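Presented sequentially are two complexes of chain A, the first with chain B as partner and the second with chain C.
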Partner chain A sequence: MSAKEFKPLPAQPAPVTTTGPVAWVRDNLFSSAFNIAATIIIAASLVAALPGMIDWLFISANWSGVTQDECVKDGACWVFISAWSQQIFYGSYPTDEIWRVNLSLLLLTAVIASSFLLSDRLRNKISIPAFLLLPFVCLLLLDGSMIGLPPVTTDLWGGFSLNVLLAAASIIIAFPFGFLWALGRRSEMPFARSVSVTCIEFFRGTPILALFFMGSVMLPLFFPAGVTVDKLLRVWIILILFMSAYMAEVFRSGFQAIPNGQYEAADSIGLGYWQKTLLIIFPQVIKVSMPNILATFVMVFKNTVFLLVIAVPEMLQVIMSALSNSNWLGGHAIEGYLFVGFIFWACCFSMSLLATTIEKKLDTSHKN
Partner chain B sequence: MSAGNQTNENVDDRDIIVIKDMNKWYGNFHVLKDINLTVKKGERIVVCGPSGSGKSTMIRCINRLEQFQRGSLTVNDVEMIDDVKNIEAIRREVGMVFQHFNLFPHLSILDNLTLGPIWVQKKSKQEAEAIAMNYLERVKIPDQAHKFPGHLSGGQQQRVAIARSLCMAPEIILFDEPTSALDPEMIKEVLDVMVELAEEGMTMICVTHEMGFAKKVADRVIFMDGGEIVEQNTPHEFFDHPETDRLQLFLSQILQH
Partner chain C sequence: MKIKNIAMTLAAAGLVFSAQASIAASTLESVKKNGVVSCGVSTGLAGFSQKDEKGQWSGLDVDVCRGVAAAVLGDASKVQYKPLTAKERFTALQSGEIDILSRNTTWTHTRDTSLGLNFAGVIYYDGAGFMVSKKLGVKSATELDGANACIQAGTSTELAISDYFRENKMKYKAITFDTSDQTRAGFESGRCDFLVSDQSQLYALRIGLKDPAGALVLPEVISKEPLGPVVRQNDDEWFNIVKWVVNASIEGEYQGVTSANADDLKDKGKPGQKRLLGTEGDLGEKLGLSSDWAYQVIKQVGNYSESFERNVGQASPLKISRGLNAQWNKGGILYSPAMR
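Up next, the complex of A and B:
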């Protein structure tokens, strides 16, 4: 029996008007009367506002000098920022010991970089322990008294480096905590579940400002006489607990995205509870939760500025005290707040870019 | 190819699965009613029945993906009780292949296969990989070892899933509608692997609607409805001389087209 031969049709290119820059502009900027009007209004307001802004920010700005008297031009007085830069970044940390802060930041960068550059197996063996050790290494290094360096008490720590290190240290410790709480909340054991639910709901339902006040004012009242716990340490613990509660909920939503079949398959090959959780479920939870995990990171990082209400000299607190310094009463609030805003924006934006990279890396395009 | 009604020389006298008076409820819904089933080592059993008849639930009880409330179950002389040791011992002997494959999407094919041998049987990585490659060759996809499950077709994924359970060297493999989620063109490649497995003497319990497969390899075909075993017989008797009117109706409906 002879059959008719089947010849597939060749693929043809898409019509020109549907791809390319012209089509993009037409589809996105001029697709309807409303869109055309919006495009024109936005373009006009940009044209009106941008030159003035650029002039104030850069062209007529004062870039060099050490006192505010040198700010003679009309534009921004960036001298204010450069004169205070050491305090803005390092607080009152002694100048001779600043290398310790820099080393801590460098270690943090190195550990983050290692988790990107190393192969999967080395990452599990090196980067994860390094992450978990990092907060304590930095603590020893910055404090100094335990490792034979000149001691620097925590009231001198401050500035942007404090925001970064405190946020990083909280995130790192909160990660395993949050995961345990999420597991506890899903657990069938009543004790584990009720403890987890109580912790999560308490720390998620209380504003971070209230928690900071509680930590700085109320908690010491409960300590026995003579026992003092360092203020920064209390703040750190509060940040960890607060962050853990949010991470727990992020992980819980991740857990719910994992199909039951994954648990069943793990059970059917005989994996135990922890093997199943860590080898099968955890990596997939991390993957689906990545955008939310990052959002939580950014939130905690930004929340560190609330520390100013309990007089921890983080970046914004430094700027505010610089603004009330008698030598700088010329009204530099706009420059100061713009600078803080810019630094935070730059950090959060790079975290977003980092997250996109991670998501691409994790996505082995195995969407079922 | 051997006909199903021919005696299976791989069957020996040892009872490997013994289910006695098994009853299961989902809340108040009685899903399994007085199930009694004994499977000998090397026996190939096909379970069929309308949806909701409890056939999947029954085989899922065998490796405790589901728990039953009354009755007893013994697998390879280990009784299924509420003890982690017993559960793990049974799961080591029972492999399972699912309707939706359930491969681990974040692991490569090779890692999917070596996970059990490495973490459960504590084999070395080299040994586990050698075993895995051997079974990948058996299911005819050794070239896919370093890809991820998402890159494979449904039929290939199901063959990987079969290889994954074989890597644990189980005494029994349970198949839970292994071809129901596959495109028609891929069903054959999976069935071929299952037929080969059956010919090698693996003890198998398959929940399936592939009646051709049942005729070809089964030693016994079981028909379930409403949570009970209605009828069981050799394929020849089962298809040609069904005893109950329920089975006659079922067969007339599925064999019509």
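Up next, the complex of A and C:
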């Protein structure tokens, strides 16, 4: 009697309904009545809108030329953007001196890159001072009068480079300010605490538009005779104060996330207040606050567009001025606004990609 | 409300402060010292103050500043342009940030009397007007009874049109839009029969239409909007200079002096022309300027007619006709006081 050998049947392929593209479509697009309806509506509107949009944006768009008259086809007039590109990116900065703007942008990129590429030891020694010096180096370079270059007054600065540099310069200076305000808010000294709380709550509780208006309309009236403070400088100070308040709150949430044991451990090895704060607490605060810091940076970057309400020639203001030039009155508003939107989206999107990378790099897993 | 009051008080206090301050410093001296005229302009208004692709400013308003720079510094290009919003413009002048405000600003009684400022003349007589589609077959605003009007919300035009229709016992239905772009789009799509705006704007709006030739600007002007340069009060020296630079450009056209023939007429012209150009008399010295001040204005910037045609007239895309802004002996109301 031979034992009957157990032979399993060969495995069946998974049913068509649970694998492959059909299953994906069923699961993701047609899983319920609501999803079916949503899919149909979205697909129908895409089919209705996309061909027209692509045609307007690309196929029948006007790509080459230098004047409005060369926009003969029905589509978008990208000539408008290309003709005004120098204004859009550099404002009225003299053509021969544009290298200084480029150099400033390059320095900014280099400083950001250095914090990735340098080793940990060098990073603290080089990157941090470089970051803090950068706004002033750029200021000297762009103004030029103090370092022997042809002076360029601030009313000529403008365009997208102004958005970028102003946002960067504000957040860099706001960083130490915000840190001090956050420390002050946690401090037990009544004076430091009340000053910090007042500053933070005032600048966080006031809309930035109101601050800009105050800076441009009211502030000049309070200066003594003959003293006028440059408009861009006033704006810069306002942005710094505004961002400091936000950064202070970001840091405060960071401080609160650090377990008390860290403070106690620092105390028990006999570190003083500043040693404890800078060597033990601060590095951990930076790490946990990184996502919020970058979100705040994206916010200030986008806020620079509000400067158009006080006629600072940032990117959107340049577009608006261009639209009212008598040689370009053909109604190119859509092209202009789309372009500004696209540039800002591209920048903010790459910043959030960068943020994800930084978070991964800094992750020493407190997550679990 | 309370905060607004506080802000008003603070602003008023600042005003008093800056008004006192401006007595002390002479604008002419500081302009000569800095070597540049600081000029408040708009952020962009077709034909009046606009920037081109190269960042160069041009326009009727801009030419006032260039004229003053030519008269005072001998070089029309020595102007620093400060673009300002409508809200900022008077503060910028009061605080001394700019020397002249030349930003399509309407000369009104309230502004002239209560802001510590002086209007130094009129360079463009504007006023609310009508644009209709040619298909409508309307030749005069009196035929617009019962029509729909496209208006930009929050402008003085709203008041002007309501007054005008009430006076003429006509009815209209207002369709308001937020921006001038939207107003134009509303007119173009046929949501209204006519569009109301300042005349100078109507021409710019008309160019933006898909078919500019299909629209007509009616002859009626229903409100007074005299636009001119503004200076700080209590600095009569500077006030006189700006006033007479405007007059010199108007007188230049009246006397037939242009940028092309100014050199010839300087020596060979009629007595009036010579006096204007500084070869006779001492008009320049009385202003505290060199004797060829008006020659520099006309040589470098042109007389009023040249400036008008180049920026808003037939040589520009706007093609505004002279209308009220013609010389007094040619059907307009431009009139310069006597140059002697």
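What we mean here is this: the second predicted complex is superposed on the first by the 334 of 368 C-alpha atoms of A that agree within 3 Å, B and C clash if a C-alpha of one lies under 4 Å from a C-alpha of the other, contacts with A are read in each partner's own complex, and residues count from 1 in each chain.
Throughout what follows, contacts are C-beta pairs under 8 Å (C-beta built on N, C-alpha and C of every residue); 3 or more make two chains touch, one makes a residue touch a chain.
Not measured: the values here are computed from a predicted model.
*Asks:* Consider chain A as the common anchor and indicate whether chain B and chain C clash or fit when overlaid.
*Replies:* Pair status: fit.
*Asks:* Considering only the touch criterion stated at the top, classify A:L323 as touching first (chain B), second (chain C), both, or neither.
*Replies:* So A:L323 only meets chain C here.
*Asks:* Have a look and say if chain B or chain C is in touch with more residues of chain A.
*Replies:* C
*Asks:* A:W84 contacts which: chain B (first), chain C (second), both, neither?
*Replies:* second
*Asks:* Could you look at A:N292 and tell me whether it touches chain B, chain C, both or neither (first, second, both, neither)?
*Replies:* neither
*Asks:* May I ask you to decide whether A:G261 touches chain B, chain C, both, or neither, giving the answer as first, second, both or neither?
*Replies:* first
*Asks:* Does the superposition put A:Q275 against chain B (first), chain C (second), both, or neither?
*Replies:* first
*Asks:* Please work out whether A:A225 is in contact with chain B alone, chain C alone, both, or neither, and reply first, second, both or neither.
*Replies:* The second partner, chain C, only.
*Asks:* Could you tell me if A:N35 is touching chain B, chain C, both of them or neither one (first, second, both, neither)?
*Replies:* Neither chain B nor chain C is touched by A:N35.
*Asks:* Is A:P313 touching the first partner chain B, the second partner chain C, both, or neither of them?
*Replies:* A:P313 sits against chain C, while chain B stays out of touch.
*Asks:* Look at the superposition and give the distance in whole angstrom between the closest pair of CA atoms, one from chain B and one from chain C.
*Replies:* Taking the overlay as described at the top, chain B lies 42 Å from chain C at its nearest C-alpha.
*Asks:* Where on chain A do the contacts from chain B and from chain C line up?
*Replies:* none
*Asks:* Which residues of chain A touch chain C in the complex?
*Replies:* Chain A reaches chain C through residues 83-84, 86-87, 91-92, 153, 155-156, 213, 216-218, 220-226, 228, 231, 308-311, 313, 317, 320-327, 329-331, 333.
*Asks:* Provide the residue numbers of chain C that touch chain A in the complex, in ascending order.
*Replies:* On the chain C side, the touching residues are 7, 10-11, 14-15, 17-18, 20-22, 24-25, 30, 43-47, 50-55, 80-85, 87-88, 91-92, 94-97, 181, 184, 204, 207-208, 311-312, 316-318.
*Asks:* Going by the contact rule set out above, which residues of chain B touch chain A in the complex?
*Replies:* Residues of chain B touching chain A: 63-65, 88, 91-92, 94-96, 98, 100, 102-106, 115-116, 119-120, 148-151, 164-165, 168.
*Asks:* What part of chain A is in contact with chain B in the complex they form?
*Replies:* Counting only chain A, the residues touching chain B are 259, 261-262, 264-272, 275, 279-280, 283-284, 287, 364-368.
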